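Have a look at this one before I ask anything.
Order as written gives the chain letters A, B, C and D; numbering starts at 1 within each chain.
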């Protein structure tokens, strides 16, 4: 099923980065508050987690408004459109930004997904992936269910609706027990906000609260993918939702239920690249951990060079760390054109090359210098090769590539769009082959152990590096059987 | 749930007419045919049946494309968008134009509705209303079903999907037996086209076939609301789908099953106003029947006057008939501005007055004349009053209003949007009160018996005139109980 | 110079009609009045005179707002855009609708044209053509003038600006004396409204005034192409602007100057087709004259037949007249789809055929009948052929074509887009050849004398029929010399 | 005169920076080359010089295409629109990006400006301001000229057109001699490209050439505001256009004429902020000079602190320099949201505060630290105050503000939009007052002498710092006399 999407972005940004699929946001306010505007600010702060679609639901306990479309938050929500979801006595809201993985770039796959059920109208926004979604979906299809979208959320909502004898919280907890994978969701009815996180805590979810000091409004609870979304609406961080925990907010306040205790293995890429550098997740600050990754890299793989240059902006933190630990001066060797975005270039290699050139341009800093180039990851390697090439054309005498993540060799089943396995350069090439491919004088990736130390914390999902999937894998044999048929 | 619809039409056209809710169209071609284009032509020919939204599905047996949006057919389907649903080896397609009644003006309520089921992906387009849809929906909600839209079609699709042990045709027939009301639907899977009509044949549905003389293509079957849609794609009329009949087309050709034989009572308003004047339904030509209505009116309510003037264009046929029978000259006394359409006027009475004035303007024909003004119906009476007023301002010395339908006193439950009962002027006013209200020198409506004779044929639904509902009424007590809750 | 015009109409409507190029409108109000809204209503009433572009200027004596774009009035002026030109104390306004001839379909050729001059900022909207515009333009180019557009209006404005020693009225009168052709213009400064009409009165222009009975507003003067635009804003017709007259309105009221007395020869096509049937121009009512044309046709070219059928809507008046005079019953034999408009069909003959079919469809009235088909004109003959064909396919046994204008054999130089001379079927074919081409059983055009009598009045421009150009012709040798060069 | 601009950016970005008004680009290719595409790449590379509008002209010696609109380059030029200006045998092209100063945000003020003249059709794109434009314009108005726009370019084109006895190059040189100010322009006819720069070289302009090594294309000349635009189209930098020089390219190659030798005083802000950090102007590299500014600042105003933090991205170069010279560690203390752009916030102070918060967010780097905050300039001071505040809220114990430009006290008359003089905080406050206003612990601006040394080079325009205007000032008394009148 193909929906036509005029003037909308494609999957190809020429940036060769892993892509997080979503950011989620929810609020419950005991007092009147402009939740449409708050949610706008909240998902705007999460824009880096998904640029394909944006949406929100707002309810005042009676009316239930929803608005969503393909595009950036500021594109989807112009003044009129934001007004159209605004409610004078808003009580609950959720919001979502999406980078599409499942179901590709379909307009009707935009979230929040809304539906009428025996528990009233519900809205759901989720980040992550259920590894057994197809299995559950096929079973439900045979039982007579309909699926309007190819969205995982619809499976979750069907599971909740099926338990017509349970209340919403119980039914949601029941659905959590049937679905496996890495996920963090916010769910709203007209009168309650629910947040829940997978037993491994692969995807992040935090709780915050707004002040009620001046009395004009207050005490509103916020649940979001990252703390930056809390700050955006004037809330302070209370704590992370625990792995396997379900929390809900209603007129009685905040409640918690530990549905499925698990061993915490949050996604390491949140610290490497995804999360904003002003966010702290599961107690670990991202910016500080990135600097530690750079310091670790400098200790593990020192090199004799003149300047340390980050690939802007993703290599910034690690470059500062590398420069500090090594004593080699940090410099701004690559200008990044802030207007480089979505052009209509065809998805050819030539066009991807051009995109890199339209986006990055070497400054005079690199001429005649031995450069340590710092990036957070290498996926296909194509962009890396072009960057190295740009530096050489600008007069760099040596380019030593240092990467603040281990080599990505395995696909992610928990909501990250890396690339097909055969396109992962580290999955099919040796270190030396990659070095040669990208044309660097030397190439080094941080070690898994080094990354773990730099992040610290209880445990980490490093499945894309080592193939050890803590939250399960899809039953591959089962995947396409009925799915293809329908 | 409100979706924001930028630049989209409102429900108020200032024309004070009953509104049909939909037109449906479907094709099955045994040989490659540009079904996207054919469906475009087909639903364009049905545009008068719904101007709020348009959509189509096309399948080649494997791919299943769908495209729909709010707007006219030519607005929704520009060249790019039509291309996006086009398939080289298209086999089945359906299309829809919608005037929204149930679920109001929601983008996601646009049809065809598509869904994945245990019978594969299905597309459904329907015209009409199921009077027990809420009842069935509530029952299914309790059983764990989800309803993404407020569209009746979703109930039909859920019923079909629930019968996981039946094939598609059997399950559809089963669903027909559970739903009551007036409806005409087309349903497609990847490999078959189904059409079905309610047991009373309240809503029209016809079958046609394209020639295969020259061999380049041929034998394609077409199912549509009116014959004009058949002609638009080069097909000839085979016959009407019978009341209570289900027909389907697959690689073996056209098949029929009489699911639920009933007493035919097709909607009288199809001949009075809805159907195009080049359509013939259930064996009765619309244009000829409209002339007969005018002749009947002239016999029932003659008047001494100088000219017969139609309200363009809906009163045209009856005005010609009235002029012929009475011998009073026909004249074009009201200019209709063809560009009058959707402006952004607020829905105030003053704005409605202005709309009429922007749309209709008297010509010199009426000055100093005693005018017989012919219209097809009076709903609220507001527009009629303004038209009478326009004629007087232009110098008409007398205005005798003749209406080719009986007074509308009851709401329609079978897919026609008349107005709330309290807004139906004939429901709350006597004939003399209405005459006074609209300011005519005399006012007469055709008699029910006269209308019946003018149309001829087996039987007619005249529920909006006499409150006798042949296809049942909603269980009003039951309507809003759970519906309001969710 | 090509401007890109997304989603905008092309020149081809498949209607094979002559196209008027423009409608003009202007208002001057001594008291605060919502002139933006009034001008919207005024140009909306003139929409039939041009569908390519619309625009308006509004001034309050200080601010000077202008807004214009390609599209219909209701497309260009949505609520926001109309608000953007609105002024609380508006005093003067002009408006324009355009069917592009000169300069083709350029966005920047939309009118009103505005410019800063030594007489302050001016806005000009014009209908018609200056036959010596290129000559004057070339002369001014050599004197150092710039021309940003290919619009004739710019020549007029340059001529006005050159006379820096004269006041605006004098300079405008001076410009009138230098330009020849057929034109009707409205011109505004911040504080005055001017209207002027060519010495032959080829193009129409009327003056009206609003009541000031209730005191809330009053006395506002209106100048417009047709009276229907006066009525649209609540004004009554005062009189036609005389051929060669210049009128202006300022705080002292309405003034007149006869700049260039000439022999009145208004364009006969205004009565045949262009002007709305509720307009009266130069004292002659259009609807009444069309009925007289039909009566005249019936007298000149009677035929034995069963029904008289108009090509809707342009043949309506003449068909009524023909039916009356001949005694043959009038019938509605061709259904016109009101939604037929601008599709994205390629400009091929096949596509034009399809357009006719999408727009017109025969009713049951014609089956087995000998039909007199009435249309106002034949330009290329292609549409006529298709209509005749449609009638035959629907069972008409004979089709007798009667045309309420003489054969069009010559191009119009006064603002009408007929077609290139070689495309004028009557310029290259005999009557019998045309008849054969369009497939009619007989074909007759009204005589020039008959047309003159039907219209009546002082004189008529019939240049497109007989090649006698009362307002001069372009110096063809001179046309493209410098123009091509730049 | 107000044009309505739907969905278009306002002047307020909440960034409180001076705004360059334009970037210009031109190409002449002796051999077929896709100049539409090249110009797209060229103006895309200059996007930082203007975000309000973009446009280009392309000619093949015969056709002359132009396309321009409000918006970013990638917004204005989608695939279809770029195609619409493309010419198979393109020979000359110019392009423009605009930040509007004169004439505000008008759609019809977008450049290139095109016009028909006695020298054929011309296109002009300019950067800068003519200080005597109004004077010249008023003189020409009295002589009968028209001005459709409020754009300075129109004055230049009128001057060129007036000299009907001269050829294009002579007439352009003549116009240069009549206009004063700071400007850099590209001008094209169908067959030639001209570039010229004001006698003081206030605005930059460079010449480059593409390789013709492989023979497929070659020798195309490029004239642009910055070298980055040359690199973007595969050209190498030949040299800067000299102050007062006019260069032109035609089928005979590149030619030069020194029209008006002057004392070079290029705008110092090009190095401080405007020019991209990968550009080198008048022989001085921007990135290197920014590092020197930071080093100079550290020498002039050392401070005891823990980290050096740039305001991203404008303070980056100077922050690196300050860190190097001072030995204080550089850190990334402010996260910049790359999606922060144009929202629909009202232009209130509260909204501006919010914009800063939506754009910048402190990282963990600043907590408990004494911060040296580096920015390139302070205009109104409002943004600076908010940034200081953000840092304090995030736990910075001290904030020492260092600015790599001297205090801006005077308006720029040469094309830079600083702000009205009364809004320039340094024009109305003492250093201590500003420090207090922005809430910093200390505040220091680089000295004028220090800036001069850091940039080096022959001379610098520092009018906005010291009020010494090397290229003249407007005759203020004369400015609004006639201009206001028209």
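One rule holds in what follows: a contact is a pair of C-beta atoms (placed from the backbone, for glycine too) under 8 Å apart; a residue touches a chain by one contact, two chains touch by 3 or more.
By chain, UniProt protein names: A, B, C, D = Amidophosphoribosyltransferase.
Since this is a predicted model, take the numbers as computed values, not measurements.
Colleague: In the chain contact graph, what is the shortest path length, in steps, from chain A to chain C?
Modeller: 2
Colleague: What are the chains that chain A and chain B both touch?
Modeller: Chains touching both chain A and chain B: none.
Colleague: Specify the chain most distant from chain D by Cα centroid.
Modeller: Of all the other chains, the one whose centre lies farthest from chain D is B.
Colleague: How many Å are there between the centre of chain B and the centre of chain D, using C-alpha atoms for each centre?
Modeller: Their C-alpha centroids are separated by 60 Å.
Colleague: Please report how many Å separate the Cα centroid of chain A from that of chain D, as a whole number.
Modeller: It comes to 36 Å between the two C-alpha centres.
Colleague: Averaging only over C-alpha atoms, locate the centres of chain C and chain D and give their separation in whole Å.
Modeller: 47
Colleague: Of all residues in chain D, which are in touch with two or more distinct other chains?
Modeller: none
Colleague: Pick one for the touching-chains graph, please: line, ring, star, complete, other.
Modeller: Looks like a ring, each chain touching just two neighbours.
Colleague: All pairs of touching chains?
Modeller: A-B, A-D, B-C, C-D
Colleague: Considering the complex alone, what residue numbers of chain C touch chain D?
Modeller: 1-4, 6, 63-67, 80-81, 84-85, 108, 113-121, 141-148, 150, 154, 157-158, 161-164, 482, 485-486
Colleague: Which positions of chain A touch chain D when the two form their complex?
Modeller: Within the complex, chain A touches chain D at residues 7, 41, 44-45, 47-48, 51, 72-74, 78-79, 228, 231-232, 276-278, 280, 285, 287-288, 313, 316-317, 320, 323-324, 329-332, 335-339, 341-344, 357-358, 361-365.
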